[in-house]
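In what follows, structures are represented as structure tokens.
Each of the next two complexes has subunit A plus one other chain: subunit B in the first, subunit C in the second.
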Partner chain A sequence: MNYSVIKGSSYVLVNAPDMIIHNGTTQTMERLLNPESEYLKALSDHIRSYDEVVNYLPNQVYIGNYSPEELRKYKQPWHDKKLADESREGKFGEIMPQDEFIALIKIVDVFDLVKLTKEFTDGVREKLKNHKLITDDLLALLKEGEEITEIEGLITDHAAEPIYNKGDLVGCVKRAHDIDPSLKAEVLFENLVSKASAVLAALHLLDKSQINLEDIDYVIECSEEACGDMNQRGGGNFAKAIAEFAGLKNASGSDIRAFCAAPAHAMVQAASLVQAGTFKNVMIVAGGSTAKLGMNGRDHVKKGLPILEDVLGGFAMLISENDGINPVIRTDIVGRHTVGTGSSPQGVISSLVTEPLDRVGLKIRDIDKYSVEMQNPDITKPAGAGDVPNSNYKMIAALGVKRGELKREELNDFIINHGMEGWAPTQGHIPSGIPYIGFAREEILKGSINRAMIVGKGSLFLGRMTNLFDGISIVIEKNYGKASESKSVSEEEIRLLVAEAMRDLASHLQKD
Partner chain B sequence: MSLFSADRKVIIIGDRDGIPGPAIEECVKPTPAEIVFSATECFV
Partner chain C sequence: MDLEIQGRVVELVEKYGAENIVVLIGGAEAEAAGLAAETVTAGDPTYAGPLAGVPLGLRVYHVVEPEFKESVDPEIYEEQIGMMEMVLDVDEIISEVSAMRNEFGQYKD
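Let's turn to the complex of A and B:
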């Protein structure tokens, strides 16, 4: 079978300190319910500088400058392990500062909804001139900027959403309709942030993947936002909007939503589309979520920690036809949490891990690395949610013991050898299986591992349409070379062969 | 009096990455206690 391959991936973070305060839902809800709270008063003292964010070990892992193995050498917690002089650039992407990102939101806005002040625009234009992926054409879309009084008027009189940088008002996002709740300024801000961070991830992917932009046929977007109007609240489609800015003239696309499991669903679908021959090159992409900034902030502040959910995450991936080199996506090893699976931990892990392996005769230990929910435990442990990747690994290992594939005393070694520490920000879809793809591709190409399983989970019950949650898994594997084209013979060819044989027979008979 | 006797009312808050609510419900159902609330939360 000619599976599709993972040709490249990119990972970006955006430091968004002011968006934590003004757009993270923990903070916006607190402001509504308890505007004088001690948490809100203390919040700004707990926000990290851009340098601290760049020098934070899990962030450096996310953009590829440190490996998961190197991360394990540092004992948790990591927020007090100060790195120094780390780069904003990584082999997978970058950590963009907030001011440049605000400019990018303006650049990707095609409806002139984003207004930035002249002063801010002039300053950030100079910074972005040094960004290798922001072309002059993109930079021109920043325009000249507006007077601050105009922006203040839009906020006061027309319900525009303010944009702050370092505490200063630098712009706003206008509403796109007077009464449509799907087009109010707050929603548009969230959607434009998602789009801009996805565009950044796409630009990095295309820069690193050495592919002609014209050769990408299709884009699947898998973030968590909904764009549409009051008649189609989640109408879509981010994918095509992102493709437009990434210069993918020959691409169409669509959005996949499945809460945090959407990227894993996107991988299965992209791999299937390419393997079926429907498309040759499919890009998967997702931007970040402002709502989740500072989600566990109350607990971080209570424990004297910095607000660790201070970055937006984004990623992109290129799935292409089998080139005989890059790791293949085994579409025959897909695990699914089905409607009938139930919710017992054993049932969930069986459906996602052992059932697909059983189908092809593999054992739990035949998967070298499991990429599960890769949330950074620095963020989740102080909030009482524990070490999420570790909990997932324990469940896989326990199932292995139950099935007799592991001895009880091997449980911890299994977690160390087949698991990893989590390094991804709690941006929902961003930690869900996907963060390891970049490393997995490299490790498989190097030959240090042969197989990795990507497991995505999603909390569907949060949408109140079902009590179910969701999960899907897929295996990526070393490429053992392209399968040769199967030799099929057409009816016409058979007729010619028979005719030739008859002629030979006739000539023999004549000779006789 | 057992923990889950007939006069007890049970509130279940499950964890998607731990033990989800419906799985805890199944464990409580055989007891005489009354489940008054059950939900699964996502903490990430």
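Let's turn to the complex of A and C:
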């Protein structure tokens, strides 16, 4: 069987300090319910500078400048471990500052919904000229900018969503319809942010993967946003909109939604499409979410911490035909949380981890690394949600003990050897299994590990359509070489076989 | 505790009476479990939801507490919760939840 391979991956972060205040739902809800709250007053004192965001260890791991092993050498928490002079560029992507990103939102807007001031546009154009992935063609889409009075008018009279940078009004996103709630300015802002950050991830992937843009056939987008109008609120198709800006002329695409588990679902589907021969190269991509910025801000401020949810996350991945080199995606080792699985943690972990391994005769320890929900514990622990990856590893280990594959005293060693510390921002789908793909590919190519399991989980109940939980897992493995083509039967051979059968039939008839 | 869940607790209490309700918590973190227990006994400590300033004093237990464990079928308990008992900080959870129950619970039985 010729599995598909992971040919490359990219990871980007976007520092979005003003968007925490104006677009994160914790803050927008607070402003609505309690506009004079102490939290809102204290908020701006807890927002980190771009420099601090770049020098934050988990962010440096996300873009590939530090490895998960190096992260483990630093004791939690990490927000007080100051790095210095770290680069915004990493081998997997970059950490983009907010002003450049606002320009990118304008660049990817094809309906002229985004208006930026002339002054801001001029300043940021100069900065973006130095960005190696923003071509002159893309830069031209920034246009000239508008007068601030026009933007102020759109906000006060036409319900446009303001865009701020360092506290100053620098632009707005217009609504696309007078009354359609799906096309109101806040929704379009959120969707354009998701699209722009996904485009950035796609550009990094294509830059690093050495693939001809024309060779990508299909794009699967797997964020948590919904785009459409009031007649099809989640109609889609982010994938194609992103492919257009990534220059993928020969690609089509579609969106997959499964809450945080969507990237893992996307991997299973992309790998299957390539393995089946439907497509040769499939890109998986997702951008970030403004709604989740500062989601746990209240707890961070209460505990005197900086607002640690100050970045949008994005990633992209390229799944291609087996090249005999890159790690393969084992579509025969897929774990699923089914409708009948139930919601007990034991049932969930068994369905995602041991059930697929049992099917191919592997043990829990045969997986070198598990990539679970890789949320950064700096963010979740002060908010009372604990160390999420660690809890996942404990559950896998405890299941191993129950099954007799591990001794109880080996529990902690298992967590250290087969687990990792979390480094991903709490952007829903972003931490779910996929942050490790970049490192896993490298480690497998180096030969330091052979197998990793990617586990995605999703909280479906948030949408109020079902109380069910969801999850899907898949294994990536060292490439042991491309399977040889199965021998095809030639036309001549078929003719001979048919002739032989006819002769047999004739001789039977003669005998009769 | 989620504002909507607080609303459901209020509804259930109005329908069945506080004395007839036992709240079971399944949260994995001691601090969060303690907060949930506080919400249904002393009232919402964040003063954000329907239980703000409403001391219901309900009976509240975490599923890893012995009071609950001893009252259910051991086989089902093992199947549903056995693994998590190994994973969770059971002592800390018990200490947080029982402290709230003992201090603010109105139904001592």
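Things to note:
To be clear about the criterion, the second predicted complex is superposed on the first by the 489 of 512 C-alpha atoms of A that agree within 3 Å, B and C clash if a C-alpha of one lies under 4 Å from a C-alpha of the other, contacts with A are read in each partner's own complex, and residues count from 1 in each chain.
What we mean here is this: contacts are C-beta pairs under 8 Å (C-beta built on N, C-alpha and C of every residue); 3 or more make two chains touch, one makes a residue touch a chain.
This structure is a prediction, so every number in the text was calculated from the model and none was measured.
In the overlay built on the shared chain, the residue A:Gly384 is in contact with subunit B and with subunit C.
Touch criterion met: A:Phe469 reaches subunit B, while subunit C stays clear of it.
More residues of subunit A lie in touch with B than with the remaining chain of the pair subunit B and subunit C. After overlaying the two complexes on the shared chain, residue contacts for A:Ser448 are found with neither subunit B nor subunit C.
With both structures placed on the common chain, the touch criterion links A:Glu373 to subunit B but leaves subunit C unconnected. In the superposition on chain A, A:Ser49 contacts neither subunit B nor subunit C. In the superposed model, A:Ser344 makes contact with both subunit B and subunit C.
By the touch criterion defined above, A:Leu399 reaches subunit C but does not reach subunit B. Contact with neither subunit B nor subunit C is seen for A:Thr135 once the two complexes are overlaid on the shared chain.
Put simply, subunit A uses residues 344-345, 384-386, 391 to touch subunit B in one complex and subunit C in the other. Put simply, subunit A touches subunit B in their complex at residues 260, 342-345, 348, 373, 375, 380, 383-386, 388, 391-392, 426, 428, 431, 457, 459, 461-462, 467, 469. The residues of subunit B lying in touch with subunit A in their complex are 14-23, 26, 39-40, 42-44. By the touch criterion stated above, subunit A contacts subunit C in their complex at residues 33, 344-346, 349, 384-386, 391, 394-395, 398-399, 401-402, 408, 411.
Listed in rising order, the residues of subunit C touching subunit A in the complex are 28-29, 31-32, 35, 48, 79-84, 86-87.
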